[in-house]
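Shown below is the structure under consideration.
Going by the order they are written in, the chains are A, B, C, D, E and F; count residues from 1 in each one.
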Amino acid sequence: MHTVPLTLLTIIGEGLLRERLITEIERAGAKGYTITECSGSGSRHRRVGELLGENMKLECVVSPEVADKLLGILSDEYFPHFAVIAYLSPVSVIRGDKYV
Amino acid sequence: MLEVLRINLCSPISLAFVLGLFARIIRSELSLPRELYASLSIYLLLALGLKGGVELSHASMAELAWPAVVTLLLGVITPCTAYLVLRRIGRFSIADSAGIAAHYGSVSAVTFIAAQQFVQTLGFPAEGFMPTLLTLLESPGIHVALGIGAVQTARLASQPRADGSPPVERRPLKEVLHEVLTARSMILLVGGLACGFVMGEKGYEPVKPFFEGMFKGALTLFLLEMGLAAGARLGDLKSTGLFLLAFGMIMPILHGSLGVFLGHWAGLSIGGATVLGAMAASASYIAAPPAVRMTLPEANPTLYLTAALAITFPFNIVLGIPIYFQLARMLAGGS
Amino acid sequence: MLEVLRINLCSPISLAFVLGLFARIIRSELSLPRELYASLSIYLLLALGLKGGVELSHASMAELAWPAVVTLLLGVITPCTAYLVLRRIGRFSIADSAGIAAHYGSVSAVTFIAAQQFVQTLGFPAEGFMPTLLTLLESPGIHVALGIGAVQTARLASQPRADGSPPVERRPLKEVLHEVLTARSMILLVGGLACGFVMGEKGYEPVKPFFEGMFKGALTLFLLEMGLAAGARLGDLKSTGLFLLAFGMIMPILHGSLGVFLGHWAGLSIGGATVLGAMAASASYIAAPPAVRMTLPEANPTLYLTAALAITFPFNIVLGIPIYFQLARMLAGGS
Amino acid sequence: MLEVLRINLCSPISLAFVLGLFARIIRSELSLPRELYASLSIYLLLALGLKGGVELSHASMAELAWPAVVTLLLGVITPCTAYLVLRRIGRFSIADSAGIAAHYGSVSAVTFIAAQQFVQTLGFPAEGFMPTLLTLLESPGIHVALGIGAVQTARLASQPRADGSPPVERRPLKEVLHEVLTARSMILLVGGLACGFVMGEKGYEPVKPFFEGMFKGALTLFLLEMGLAAGARLGDLKSTGLFLLAFGMIMPILHGSLGVFLGHWAGLSIGGATVLGAMAASASYIAAPPAVRMTLPEANPTLYLTAALAITFPFNIVLGIPIYFQLARMLAGGS
Amino acid sequence: MHTVPLTLLTIIGEGLLRERLITEIERAGAKGYTITECSGSGSRHRRVGELLGENMKLECVVSPEVADKLLGILSDEYFPHFAVIAYLSPVSVIRGDKYV
Amino acid sequence: MHTVPLTLLTIIGEGLLRERLITEIERAGAKGYTITECSGSGSRHRRVGELLGENMKLECVVSPEVADKLLGILSDEYFPHFAVIAYLSPVSVIRGDKYV
């Protein structure tokens, strides 16, 4: 199959941020996303506790540009106050126009 | 007083809480499924609302007026006193002070229910419209405290982003207000009240075994989970310091006494004044945390969660409620 | 009629549904945990089956025969009428017409239960063997409609794949049949019927407080979730168009009346005929959707889900059931 | 005997189990949400403990002494007999023999409950302190068997890693002991016992409808899930072989008879001796599997899970308990 | 450690497809798979609603050939009618023979 | 954004191993991890059954060295007895010092 290289952006963080992060990625140009519930531990432990939902993992397949823009936003506005991490990985998709 | 305390300590509710605490302390793997916790809380709130609504249909507006006024008053006073104590005496940052104050300005539904069960067991049932007061007290305190925080930090203006796109703004208070008013607990309580009011005694009858017969048992299970949750925070007590520990026990006594006084003055029965006191004394750990986290992200969640859940909640359940009851009884001229 | 409507509207069931709808409309975050929803539906179906089975052990086969025949008849007629109306008048595609028709040919267990509770409250309890009829009506309609869809599209032959490997075939009807017959709801209902039948009154006694005492309360909670689910689909009404809106209210009246007539004719009591009418009028939103999705993937899920869940279900709960009851009463020569 | 068997087979508990089995055999998609399963098991254990604790507050230590001694004795004997039979006659590996023996040395709470309900239905209620015995029997057998396994393999010494860092050691028995003692089921049972003991009849009253009224119904739902789980393992019977099949039915009879004898000898009533027999006969499938998996990872889980869950559990529920009852009645000089 | 490069195929789509997709990947030669429940949103919204289970994410480590074959099947038979996306990413495993 | 290349180690296996695997990765130097519940099937079926929790997926962003060390430990001590698989994939993160 003919595949197109794109970027998978994975954001892991407090479940509370769900709505806000969805707004961010849609505004930045992502055409879809997938959310999974998860739990975890990291270097900071500032979060709203066990009665209120755990972490979520938000994954979206986007163009490298959108991924870069989103990393910038996360880095400026989320990393300082919230328990969030993010990373990029290379993926290949078919029908790449669905994602950009 | 000792007898009252003993009865309170040997109730299924307190014992279940202690069992949960104990399980965490000995590091047991026991935990309730998150969905059971959520289901129980939905059940308890809805049951509370329904029952309150059915009883509300017997109450006159006149009876309700003064209690409602003093309840709203409590919703404005308690976050302010809490903020001042934290900022001036405790020397906490603006954000932390406002964040914690939001929790003490709001109310814990489980503390409310425990107080209600307590006075009922002792033969001093509270007024049927108490759940209405609960809904009145839930949100004002959060907004007053967040308002103080916002004004004090005066950081409401937000800069545009590097790439020129407008930032996702700091949550405007309006949005927070919508969130608190449409929150799960609000809908279930207020919605339950409305449904109960409309269906009346007759409509309530067939669902009574479910919503009333099971209530105390479900509450017991819920308190087990609360004990587990509080136990998980016990370790944080070290890092949050002695001041917060004292704050978490003295503030409730002050707010609780104020609540009992105002309740008595507004014409509530001994049971009703006790429950209003417990409401004023309690700190929210359901509605307040997400609102604070989103609006004042600089506030440290460990502080407000530990204070509300690991200090004030058990304090009220075990000691506070009997104290407010004694006070209410004294005011009413009882023993 | 107005009085009957008022009683129906003020029942905990209707009020909980409305509360759920309302919560979605004001965009509250309220939602029941998926597992609570699943647990409640398991409980309700099993309880329904058990109770039905216990009562079935008192019934004679003679009583059951004609009602069973007309029920099967309804399972064949209703998907055909629905298909014809959708295809000829509504001008929907073959796949969409067959897909929607499968839903209206099958039955909604919750509508069934609501109807049963309704007639019981009014003092006209339905026959004890009604759950047996429910199981008879659940699957034929789905298969008739899917069969129509399959024959009409005549696309059952599937081409081999590019790489030569045989394709995972379009789901053969046999597989769909197995799926519907062994579906959760079938097993719980039919299994419950069998268990109830075997254990009888005596064996049922100790579990009665759980399966019967809690039934209406659990149903209330369930209807809250149904309200939330229906509310979430309200927005789709715009895109599905006026025809479907009308279809979702007129079709039930036609099917419901037919059900009441046939039920009356087969010797059912007023309550029984009402419930049979409600069954015929109702559209499945549990068993039908996955069967249709897998067998007719070209059919648009938004259409059939919105029609079944957001139009016909509330219509039946609020207006339909009282209408079928009036009709049944008229036929029986009542007021 | 036949009559007793019939009553047992027509009880909601047995029927629900059979329904679950049946659903798996016909490959139905029915499954209970994992969280419902967990919630029910928490509820059942806590309710069992509470009730036991309330009744314990009426019992004298003297009554309890001998039954407690024979229970501990059973906890030492049964894992040894099981190990010997498996290793010598069955020719299983050391790890597999010890692993399976750990399961038969411990106890299945659901079998216990089923036995308790069974004798109660027949009018021979067991002693109120039986749940105390249950907690005594839960863990010793696991440790005896794991100890045998550890000594026999003598592989407790572990080599340092290639990179020099110390390995995560084979789980020391102490850690396993902590895990079993603080396991969910232990905390709920022992904690429930303690809470019930402290609150007494009076404190128990308001939560009785929840913890006692719902008990049998909840148990029925739970057995449905057990049937599903056992059904899912039926397929493994082929690979585990005939010996294990025989073992899973003969071992319980031997252990069960021993339990009944010792119970009778220790002064237990007919009901009490029956229940003690059922406990000795039963194999754990909650506490034992994780302990064995972590401590003896070489043991094949398919063997011990299939034996405990798909053979011994249904055998006891359907046939074993009535057999132990007959035996207890004979010993007591009854029919 | 000596690692072998393989391909991770990720398929995200309606939970209803679970059994069918498992059959597909096993027939195509996958030796194992992992399934996670998730939710999400994309460009099409044709699916069987909220009462009936959400999305699932199916991941399998396979050889590039199997991945390619599966992409072809998905593209021909699933993308037209169902809410599904799929992408490939490079992974390294030890004991690569377990997967091919 | 300036990103740093790191390694994402994914471990999938019996849920029972949760605590033990967390201990392993923390001892090996991982600074955080994320856990998701999942189910699956592989070449071996030795596990503690359906009543006792399914699989879990443990993901951690680590340096290549830590990843390699962990693969070694898994390969020596876990693969022989437990139902576990593991794989590495390349990721890019910002503020790479958070992870090493």
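Assume contacts are C-beta pairs under 8 Å (C-beta built on N, C-alpha and C of every residue); 3 or more make two chains touch, one makes a residue touch a chain.
Fair warning: this is a prediction, and the values are worked out from it, not measured in the lab.
Within the contact network of the assembly, the step distance from chain B to chain E comes to 2. With respect to chain A, maximal separation of chain centres occurs for D (centres as means of Cα atoms). The chain with its Cα centre farthest from the Cα centre of chain F is C. The centroid of the Cα atoms in chain A and the matching centroid in chain F are 20 Å apart.
The geometric centre of chain D is 34 Å away from that of chain F, both derived from CA atoms. Separation between the centroids of chain B and chain C, computed from CA atoms only, is 41 Å. For chain C, the set of residues touching two or more other chains reads 33-35, 39, 209, 213-214.
Multi-chain contact residues of chain A, defined as those touching 2 or more other chains: 36-37, 72, 89-90.
Pairs of chains meeting the touch criterion: A-B, A-E, A-F, B-C, B-D, C-D, C-E, D-F, E-F. Those residues of chain F that touch chain A in the shared complex are 1, 3, 6, 8, 31-37, 61, 89-95, 98.
Only residues 37, 161-163, 165, 167-168, 229, 232-233, 285-286, 289-290, 293-294, 297-298, 300-302, 305, 309 of chain D touch chain F when the two sit together in their complex. Those residues of chain A lying in contact with chain B across their complex are 14, 16, 20, 23-24, 27, 45-53, 69, 72-73, 76-77, 81-82. Touching chain F in their complex are the following residues of chain A: 10, 12, 36-43, 55, 57, 68, 71-72, 75, 79, 85-90.
Interface residues of chain C, counted against chain D in their complex, comprise 33-35, 38-39, 42-43, 46, 50, 178-179, 182-184, 186-188, 191-192, 194-195, 198-200, 203-204, 206-207, 209-211, 213-214.
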